[in-house]
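Next, two complexes with chain A in common: one pairs it with chain B, the other with chain C.
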Partner chain A sequence: MLFCLLSIAISVPARGYGDILIVVNQESSIYNISERELIDLYMGRRFEFSNGETVLKLDQGKDSDTKRLFYQLLIGKTLSEVTAYWARLLFTGRSTPPYGLGDDASIVNMVMGNKSALGYVNEELDIDVSKVKVVGRVH
Partner chain B sequence: MSISFWSSISFRTGLYIAFFAALFSAVSSYLFFSKTYDLVLETSQKQLEQLILTVEDSASVACYLDNKELASEIVRGLEKNDIVRGVSIKSQTGMSVESGIVDEQNHYNRSIDLFSPFLKDETVGRILVSVNQALINENAEKTALFHTITLALHSLLIVMIVIVIVTIQMTSPLKKIASALSVIVPGSKDRIKPSKTHARDEVGSLVNDINHLLTSVESTLDQEKCLRLEIESLGKQFRLIFENASGGIALVDGSGKLKLHNPSFKKVIGGQWSKLLIDTDALLFQDIFEDSEGVLYALSNLASITTPIELDLKLKANYEKQSRWLHILLSSVQDESGELLAECILYDVSARTRREQQIMLEAERDPLTKLYNRRAGERRVDELLSHCDAENTQLALMLIDLDKFKPINDIHGHDAGDKVLVEVAHRLTSVLRQSDVIIRWGGDEFVVVVVQGHNGLNAELVAQNILSEFEPSIDLGDGITDSVGASVGISIYPDNAGDQESLLLCADKSMYAVKQKGRNGYAFFS
Partner chain C sequence: MTNRNSLKSTLFLLLIAFISSKVLASTGIEENDFKISGFSTLGIVNAGNSTLGYRRDVSREAVFDDTTFKSDSLLALQLDIKPQSSLSSAIQLVARDRSDNSIEDSLEWAYAKCRLNRNWVARTGRLGLDIFMLSEYRNLGFSYLWARPPVELYAPMGIEHFDGVDLSYSKILDEGEIRLKAFSSLKDEQLFGVSLSFETAKARFRLGATSIDFGGEGSKVIALLKPALQSAGVLGWADASRYARELDIEGKHIRRYSAGVSYDHNRWRFQSELAYIESDYKPFSPLWNGYFNIGYRVDPVTFFILFGYAKNVGDIENASAAPPGFEALQGSLQSLLNRVRADQKTASFGLKWDVRYDTSVKLQADHTWVEQYGGVLWQQKQDLVNDTELDTISLNINFVF
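Coming up: the complex of A and B.
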């Protein structure tokens, strides 16, 4: 608990129970990603990484507990609030929600297969992340 | 008296209330206006804030994403509000959407910073809403005007209600009282009917007071009426006394003008005088009396008459055969204006006076010759002597003794003697003046007193005249005539003596001298 309180900054990768791990392809030039950059990417403000690399944002399916936990921890909003956010922007045409497919395991597979991909998995599920690169942690 | 609506209490009360209501309305409207204006402005501000709050989230998203479409949509939505004049949304990263007229300087503008929807400490932009000041002003004015009109109508309504209440509560009961009072005749039994609805208020007490007043007026008038009747009956009685008095009653002023008289007055002074004095106004009161100067003197000195004075006055002759005497009781009275008048009560005392004169005549005169008898003669002589003293004049006393009278008496009897005496008296009267005094001194002796006239005494002439009267013979009846002579002794006062007795002695001596000389002559005392 004391540890949890001390490790506020995501930029310092540290293991903790129930954290969300942010993962990219092993070959990606990205090694570290801030929480802010993560929000900007997932909420449609940015369309590429801060170093200019193209990004393919991967989201999980709508029934995923990990997805619910991810948005809760990242922006403090429920999934329906996130859906409403995107609905508001639906007809403006410019910002689009990230692709939502699969569960934690399939996210890992897709990140392994695409150099620009960006995804998240639940640490608690003990998914094998040895074939991908963990660049951040949300807790 | 009818009261016009304009001067009625209800109208004037209404006018005062309307005036003050208008004044208060004006003041309160002014205060209300600024207050309302501020209130409307404040409301507009709140409205604006609420509008901004409504779109804040969307605007944050638009700025966060630099989403111009979303920002435009928000701006358009806001602009649909009347109070919004212009809107601008600017993001930190350069997006700017603006619509309408945005006046940056207006301090009524509302603007808030927009934060990232996800990181509350990150400012992503700013939204600015410019207010439609003209509309707010218009609203404020409209509202204030509405309030003012409402207030005025309110005042008007109150004024009308007050007029109605004043009319019902005051004016109409007062009108009723006034009209009821105007038909009541003071002194009559009529009273104002008290109204049940106003029994306990001022109107009721006014009615009670008026009725009390009417009652007291009635009783006062009743008393006066009684008093008037009393005076009237008293006046009638006095008039009765005045009209039916046996004595003549007259009021005469200081100049002798007749002011008032009763019927008896006319009777007393007689028809001829009353015609001149009353009907034609040609004469004054004093003019009907022989001593008019004396009457006028009394009339012009009324102030000095404190107790009634009694006068016996003779009326002027005026075609009446018998002289008439009036007894007058004269007293002074004062009329209402303070003028002194003579109150005269007159009785005709002619009969009495005549009787008195007759008695006096009988006492003083010799029954046979109707000349003064000796007693009265002596008194008359004394009077004439004192008159001479006063006037410093002379008189002549003549003692006449008849010659040859005794033989007639003896031969022809006493009746013939009496006839001689009566004839002598008659002749003496005819030859002497009215002012001279003839006295039957006794038997066949006469005394004549001749007073000094304007042309001196002329005693000698008178003596000669007397002697000549003895010359014609005297008819003794039964165809018999005879003549007598006279011896006349004369003494002069005050030359021969200082008193009656001595004067008579002197005359007696002279008479004897004549007798001794041969009778039928005269002689002065020497």
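Coming up: the complex of A and C.
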């Protein structure tokens, strides 16, 4: 039974998506963000932007496809591995995970309303990012 | 019965913590300031034989040729409160089977944490004992591949937390973060240590040194043997007084030195730890222990093999011949000396199936070779006079929430 279930799970194809856009508030003093800095922020090693400004890190819903793609492109980890990584930091008191929201549109709305917010959206979902600032791209 | 009551009380506390979180959440405290989370394992293991009782670590009840849910199953709840960006506190309760169960022991952590600046963090309260790669999350089954942390390295040190302080310094370098940490207990039993770690997105390196006071009188056997040997020394067995002194555990220390490395990239996962433990307590000769693990992921399943090793160096001490009338006491002393050594290795293979982002299923088979008189990691019903081989089969379901 176990191996039947395994074979079914392995055979499910992954959905294809494009690049991930990194977005901040229009009024933010951040104009670009390096991949290194992004990894440090989203892996809980950095608690503020490199210029010292406060950051509110936003994550997508726990099993969202954009989140799956973001972490796969950024650090090569699956959602389970990211959950395991954050569980390790959370349950050892080192850090708490980024604030989780529902989907790409929620991220844009939250970034529009918070000067310190940092988020990511999937470019191919045609989310309107005209009212936020794109400071990076993960591909 | 006491254990069952303690387990019920712990579950009750966990329930109260959970309800409290909902009440506080409804009073307007923001989610970022107050967070309740947890993890659990439902595990079944078949292990042990008629004379060697399997135990996950030396603080657990042993399993003699039986199948049990008690060894690996647990439920943990953690409450994080963050009133300011630089101040936070956390409480973690873990309900699981213990040979010495109590509410106090179920309180895994309860500490206040102060981020002094970008680099320095200080904590005080009940803290996880940071002496392994998996130190502070050895109960968090979802975060590692195996059914449990490798027994050869983790079982000898049953202590998981201490009441004290720690201070850590971390700095982000080009490729990762370096972290130096020092900790000390604030109780009478001396416990202190330092660790140095370096972590990148793919790899982790760790060095550690720790000194731990044995504390208390030692095992019940030692508590019985010591006065008997003292009396025997007066009554005519000249060496008995020396043995009584050597068994006196008070004020004795364990010093542990360790190194660990892990690499996790794309489909491959490697992890290894090696430790050397020495003591000024004569019956415990120095111990080398470690493990090596290789895992390969075929989404969503990671297959792994694991080798563990633990061996006390030196030979078994033979108690000197006793004069007539003291043969039984000499036999008891020799039996104790026969049971304080580790000499075993384990080969394991298994899989971790990530069923979804927060749930995993693990299956693991272990084959262990225990050499003559090398069974200290097991509960021994009698002296292990012959080499023995044992199989352990484990099935776990792990959750985080």
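The rule is simple: the second predicted complex is superposed on the first by the 122 of 139 C-alpha atoms of A that agree within 3 Å, B and C clash if a C-alpha of one lies under 4 Å from a C-alpha of the other, contacts with A are read in each partner's own complex, and residues count from 1 in each chain.
Methods note: contacts are C-beta pairs under 8 Å (C-beta built on N, C-alpha and C of every residue); 3 or more make two chains touch, one makes a residue touch a chain.
These numbers come from a predicted model, not from an experiment.
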_Once both complexes are superposed via chain A, do chain B and chain C end up clashing or fitting?_
clash
*Does the superposition put A:Asp63 against chain B (first), chain C (second), both, or neither?*
second
_Partner chain(s) touched by A:Ile75 [first = chain B, second = chain C, both, neither]_ = both
*Partner chain in contact with A:Asp126 - chain B first, chain C second, else both or neither*: neither
*Mind working out whether A:Arg45 is in touch with chain B, chain C, both or neither, as first, second, both or neither?*
both
_For A:Glu27, using the defined touch cut-off, is the partner it touches chain B, chain C, both, or neither? Pick first, second, both or neither._
neither
*A:Arg88 contacts which: chain B (first), chain C (second), both, neither?*
both
*Could you figure out whether chain B or chain C reaches more residues of chain A?*
C
*asked:* For A:Tyr99, using the defined touch cut-off, is the partner it touches chain B, chain C, both, or neither? Pick first, second, both or neither.
replied: second
*Looking at the overlay, which bit of chain B runs into chain C, 95-103, 221-229 or 509-517?*
95-103
*Return the residues of chain A at which the contacts from chain B and from chain C coincide.*
36, 39, 43, 45, 75-76, 85, 88, 91-93
*Going by the contact rule at the top, pick out the chain B residues touching chain A in the complex.*
58, 61, 64-67, 69-70, 117-119, 122
*In the complex, go through chain A and note every residue touching chain B.*
36, 39, 43-45, 74-77, 85, 88-89, 91-95
*Going by the contact rule at the top, pick out the chain A residues touching chain C in the complex.*
2, 6, 9-10, 36, 39-40, 43, 45-48, 54, 62-63, 75-76, 78-85, 87-88, 90-93, 96, 99
*Quick one: which bits of chain C touch chain A in the complex? Just the residue numbers, please.*
31-32, 35, 37, 39, 76, 78, 80, 82, 85, 90, 92, 109, 111, 113, 115, 118, 123, 128, 135-137, 140, 142-144, 170, 172, 174, 176-177, 199, 201, 264-266, 297-301, 353-358, 360-361, 363, 400
